[in-house]
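The same subunit A turns up in both complexes below, where it pairs with subunit B and then with subunit C.
Moving on to the complex of A and B:
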């Protein structure tokens, strides 16, 4: 009787094993999120212990705040471009290094290196590369193109952030794609070859459909990481010039930790969360797999 | 006989040791002040953000601990940004280190979590006596209602730094041709700025740091406004950013912008362009010279320091700010007393900090020390400290700095007319503070 109670089929084992993680999630995810949601309905400030419930005033203020609206637009451009570049380039690299080529392991390691560079090193490194007389502009000149004022012009600043973020994000996408590619049965390609399908046709008809679940993971992962990322904008451009590269996450940071307005910053953070959730839901629908 | 000789030697040793302790600087060096708490005490500390400053702190803490063996100090070097974030979250929730270093504009925001100086911890009878240890007005920003809430470990005011070889190579004389007004700086820009055969900038007369953090031009803007007798905020905190004085300040940036995008100045190395010889003239506090020399040892003996230019040519064109030690209100009474005693000890040894880092502590005994008196240009730095404009005390410094940053960037990088930029600056500030 006692042995049965401790037996591996007892349902309470599941609860016992998930409980520690659930406790961690509640303490470090759900509780802070709920607290932020509460703060967004108050006038909480780091400089004033007294706080008052003000309803949706912070959200109404956000709807009129031109800096916030500008940050939304910048975030849309920054996230859209970064994800497009990272996903396409990541897939191309994954397909390439999935081939049986000599020294494949070395190539994989080299391509993955940007992902393991410490986050704070990335913006400092790219600051030097994007110097008006730096390597990037020298390369542009060598190709007969005009140099770009990367960090101190409204167009260049967002472009620079996209390049620097994609440089780090692409290898991460690549690894996820690679795992997806390796799970596709080789027989499918062999059968397609026998049927006379070329490389492009095989990619369109086998690789892309079979990668659908992986694409979903990559999209959600890339959106979350890019929307939340503020270190690059903070260090590389400081959100400038004239707020041209202020992203939503940087706006939240500046409002909360430089402006001390935690209630207002929490409201902006909640909007950011809703945007991520909305994009995730859209992605789930777009990449839905029929069982 | 032998015993009396021993007593004589011991007495002599005691006299010599006392004389050494008395001669080594401030009051704190003498002995533990009466009333110093007994029992085991642990102080936690967020120290200086730069390694040389923190090494000085570690050394002085070790000396102080010998005087107070019942106290353990756990100090950590704390970069300003992360330190600010930690304090922002820890202090309001009742936590945080016993003592911490802050950047002057943060004082207004953190003052609810600070405890005022305890004169007894300094071995003094009143707050007034602590004020008397410092240069006039050097504790204005640290005071609230006649009480001192923080003490500066470093109080930079900016001066004009000139690369002597590059300046004289352009047939300019020192000190005759050193500019005293911003108009003179603008006139010299043409003479000093050079491009190579490919059209690349190789030399610039004077460079304003646009990529090393907004403080480098936001504070210059504020000081230029205040040097005209005007203010950027009125007593109620209403912005006065569209005033004629603000327009004059903005024109300083407009008229001195020479290839402003060509720079290697970054937050962690703000004097890079001056050290590299790209900028013939630059600006910074007393520590700037030693910082630049660390980057380029060839600058040693080749930097001339003069009063920072102003609109009128008179002293007072520089901002005055500081990095300060403060004590956590959440600490116990014994910890607060010990913490203020430690702060007294460190700040009374400003000479040690100056000799190791070039940072000036505005405590009077620093300027009386022979090694400081013999430092080149020390009178220039001291004069700047006396005449410099202090930053506005506001809880919205972050928003004000951001608005000024964007206003200046509009003018310098987007060629927006000055009146329009000022108007937008004013609007942005009001919007950011929710008015």
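Moving on to the complex of A and C:
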């Protein structure tokens, strides 16, 4: 069934309206993308103008590079843990706020504030909180636990990054969930209540299934945001100690802009793109199947 | 009968109070870092790690703020940030409105492909293309310049998609009527499209403003001289110079947080619904 078209059909005007955006996206997204693909096959350097085609050597080198393999593992752990924490916590908060509580608007506003703090301030603030004598260790001591050398131990550094990222990401997830929750018709819950379903049962059989599309949006959003971001690692840990908290995007930055190896960095960037595309495609597939 | 209703009501009250306590607890935990930032910014460096913790410093050093503002030369960076963010926002809004209108209201060959291409750029975050993009900007001779910071981020798929969505909901009859009345294509867009779309334009403007003001990576790569630096760059360079002066660092961080916080409180509805509906930021 085709919808009736009443708008203008002049092809040139439609293309003209879209052209400026298209030109900019081609110049600053698609061209760099293809350029990266080419660079990844060369020995391009930031300091040397001469570049030579070296085939897949950069990719072969990546597969042997322990720093790169380590960065992949760190990314998996960092992204996995961050996503798990922010998705679960974000959902819990959204469900709580979605109840009939007084002043829920105030809670929503206050809980959103970590997402308002400038991105560059987040690692500076958390670096201080994770200081050996900082607030986090004070809290641990107050709870009778051992203080942790957060930023100077391999495990602690990744843990600290996870906490800082999740702190900033959870409110964003919460808000997306809230929109999803509010689109679930209230009659469903009323009917379930009449049928004697408890709160847990209602959550399992109504909230979760109805929230599936939202969950997928949150997954793609959170993964893309966490994979690409290297500001937190750069400022909080610098990737240390001994590369233990070097994520993929930080590896790209360090190799390209500090190591001047633009070709090699481009190869790593393409691997990063592959990961983002893979996750997006898988999630979109899941979407399609649902519909 | 009445005692049963009282019991039900009491139980409902108890549940509400438990929920409130839980929410308050979680909110406090989430806000402690921010409170700690402000509280530390009012202390002297010797008393930062004092125990027991002084949440409200006994003698708050308000003078830390003017000192921090002057040391960092905030005015200069605020002006730079305003120039860059203002230009990026205006360009984005204008170009997104045009493209969104073109994609929603015209039938032309390849518009589906075009839409897919624009959608695909959502999977191309800056961090993936930063190496070739840097080389491209270097080639254009735009390193360390305002246009280097502005032009590469002046078109954004999210803005286009939001505007397209909005224009799709605009009845075609309106546009057809304007055309019958003899208005040109651009005239119809300006006189019918834009005035009706201002809520969407405002949302796009706010989201772009927020993410551009907050952006650290791109200016960090492009800008090398302090005279062009934006606020996030200034904060970072202060941090690497003064790693252990915690009160000053926290004062600088607090000052840097003010613009986006004000923006949030003024446009809370747009920001939250923008994040919620697009599921994306940046």
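In this section, the second predicted complex is superposed on the first by the 260 of 291 C-alpha atoms of A that agree within 3 Å, B and C clash if a C-alpha of one lies under 4 Å from a C-alpha of the other, contacts with A are read in each partner's own complex, and residues count from 1 in each chain.
What we mean here is this: a residue touches a chain if its C-beta (ideal position, glycine included) is under 8 Å from a C-beta of that chain, and two chains touch if they have at least 3 such contacts.
It should be emphasised that the depicted structure is a prediction, and the values quoted were computed from it without experimental measurement.
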item: Clash-or-fit label for the pair subunit B, subunit C on subunit A; value: clash
item: Touching partner for A:257 - first (subunit B), second (subunit C), both, neither; value: both
item: Greater residue coverage of subunit A in the superposed arrangement, subunit B or subunit C; value: C
item: First (subunit B), second (subunit C), both or neither touched by A:176; value: second
item: Partner chain(s) touched by A:235 [first = subunit B, second = subunit C, both, neither]; value: both
item: First, second, both or neither for A:18, with subunit B first and subunit C second; value: second
item: Subunit B versus subunit C as contact partner of A:124, first or second or both or neither; value: both
item: Touched partner set for A:167, first subunit B, second subunit C, both or neither; value: second
item: Contacts of A:210 with subunit B and subunit C, given as first, second, both or neither; value: neither
item: First (subunit B), second (subunit C), both or neither touched by A:276; value: second
item: First, second, both or neither for A:65, with subunit B first and subunit C second; value: first
item: Clash with subunit C, by subunit B stretch, listed 76-84, 112-120, 346-354 or 418-426; value: 76-84
item: Subunit B/subunit C common contact set on subunit A; value: 124, 128, 131, 133, 235, 256-257
item: For the subunit A and subunit C complex, residues of the former touching the latter; value: 5-18, 20-22, 24-25, 27-33, 35-36, 39, 44, 93, 96-97, 99-102, 107-121, 124-126, 128-129, 131, 133-135, 138, 167, 170-172, 175-176, 178-179, 217-218, 220-221, 224-225, 228-231, 235, 249, 252-253, 256-257, 262, 265-266, 269, 272-273, 276-277, 280
item: Touch list for subunit C against partner subunit A, complex; value: 16, 19-20, 22-23, 26-27, 30-34, 36-37, 40, 49, 51, 53, 95-96, 98-99, 101-103, 105-111, 114, 117-118, 121, 123-136, 151-155, 157, 160, 172-173, 175-176, 179, 185, 189, 213-217, 221, 231-232, 235-236, 239, 246, 249-250, 253, 256-257, 260-261, 264, 268, 272-273, 275-277, 279-282
item: Touch list for subunit A against partner subunit B, complex; value: 45-49, 61, 65-67, 124, 127-128, 131-133, 149, 151-154, 235, 238, 240-243, 254-261, 264
item: Contact footprint of subunit A on subunit B as seen in their complex; value: 84-85, 88, 91-92, 108-110, 112, 200, 210-211, 213-214, 260-262, 264, 266-268, 395-396, 398-399, 401-402, 405-406, 409-410, 413-414, 428, 431-434
